[in-house]
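What follows is a structure written as structure tokens; I'll ask about it next.
Chains: A, B, C, D and E, in written order; residue numbering restarts at 1 for each.
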């Protein structure tokens, strides 16, 4: 899994039937900064993930990939390889808070 | 999944039997621009995907990879690891439209 | 899947029993050139794939990865993650032929 | 699998139900140094892994990815693609100890 | 699959139960040199693979990844995503021997 930030949304009305009604969010994976270990940095990559927890734009989320993305109640029958399975409250690294949803220590 | 642009087509007449008659499209994954957040940028990578929705060259599509690519009615028995499962109408990021099929905000 | 060129062969006489007798080919993935859109360019990567279609060195082939590589009659019981499932006749991109087996528009 | 260092922890109270109570650790994959073959070097990547062995921050661990991450007693029903399945005591490369939990030959 | 060189070994006494007694080797994937097509070059990456064929340090081996790594008699029930399934005798590319276990044409 990875920690990512929800950056947007994809609308696709014409899609394979089973995907109808699924919310598709853009997610950018973040990593711990190489020099500055007190921040999370974007990798610049962009994935499209199915939302299973009601995530919103700007939030940090927990993202699962591959066949495991189908192992939630919401995604079980779907042809999806990426799902948001949690909303991140905080990330701690090397004994410091590097992200908190309440506004401390974001990039 | 990722958002990609259909750039071409692959013709392969000699292939493993179950693949006969499948349309194979070239797809380039796109990401949100790192500096310019109002455009989608190509990653320069090239995948071959089975089309399940009637996508055409130049269109932005939703692409699924791995074992999940086999979970559509069209791809279920096939040895494929990449499928187009939707045609993208629009992509919104950071409260702006970064792509619209109707011609607004493409690169 | 990806389009790749067969560049060589791997011989391994000591291998896990079920792999006995399988032809193992070296394959390099190719992508559409970033500036020159009329050619396919190597990515410089090297995979080892099981051949299911009688491919030969120098040919462009269609390659499938992951668990889907086991979904051909020839590879079903095998511990393989990469298989050649077709021989590419031609690749068209942006309304041009960028590769043809008959000799037009190769790199 | 890869050898990684536990660098932190992710807290996510709102997550898909089955994930409740699982400890989520940040892990950075390490590789053998390219010039200096006597050390392990970080790749700079960051994964989130479910802990199955009681790993702690700063420890080197064995990490498994993909569907195989679900094949431990602790992770079997879960939508996870990354799990810590061992705590590394030592790593030897080219006849030298490049890492030992007891303090020899760390980076 | 890929061709890799065994560079070392990982010792992990505390691990998830089913992994007890499995030999864990470090493996570096190799690719065909981009300019010099007569040699194999390391990619600098490092994987940990379960050995199923009695491979030793310094040997070139055939490595399978993902769920397929579980499809050998030795790895079937295990949470592993990488296995050594063969010992490479020789690699030929573009009609030349680029590696031979007997000592010809190594890097």
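Of note:
The criterion applied here is as follows: contacts are C-beta pairs under 8 Å (C-beta built on N, C-alpha and C of every residue); 3 or more make two chains touch, one makes a residue touch a chain.
Quantities reported herein were computed from a predicted structural model and do not represent experimental measurements.
Of all chains in the assembly, those touching subunit A and also subunit E are D.
Between subunit B and subunit D the CA-based rotation angle works out to 145°, given as a multiple of 5.
Subunit A and subunit B, compared by their mean Cα positions, are separated by 20 Å.
Averaged Cα coordinates give subunit C a centre that lies 33 Å from the centre of subunit D.
Residues of subunit B in contact with at least two other chains: 66-67, 69-70.
The chains touch one another in a closed ring; read from subunit D in the direction of subunit E, their sequence is D, E, C, B, A. Looking at the complex, you find that subunit E touches subunit D at residues 7-19, 24, 26, 28, 42, 44-49, 57, 66-67, 69-70, 77-82. Those residues of subunit E that touch subunit C in the complex are listed here as 1-3, 30-32, 34, 52-54, 62, 64-75, 83, 85-95, 98.
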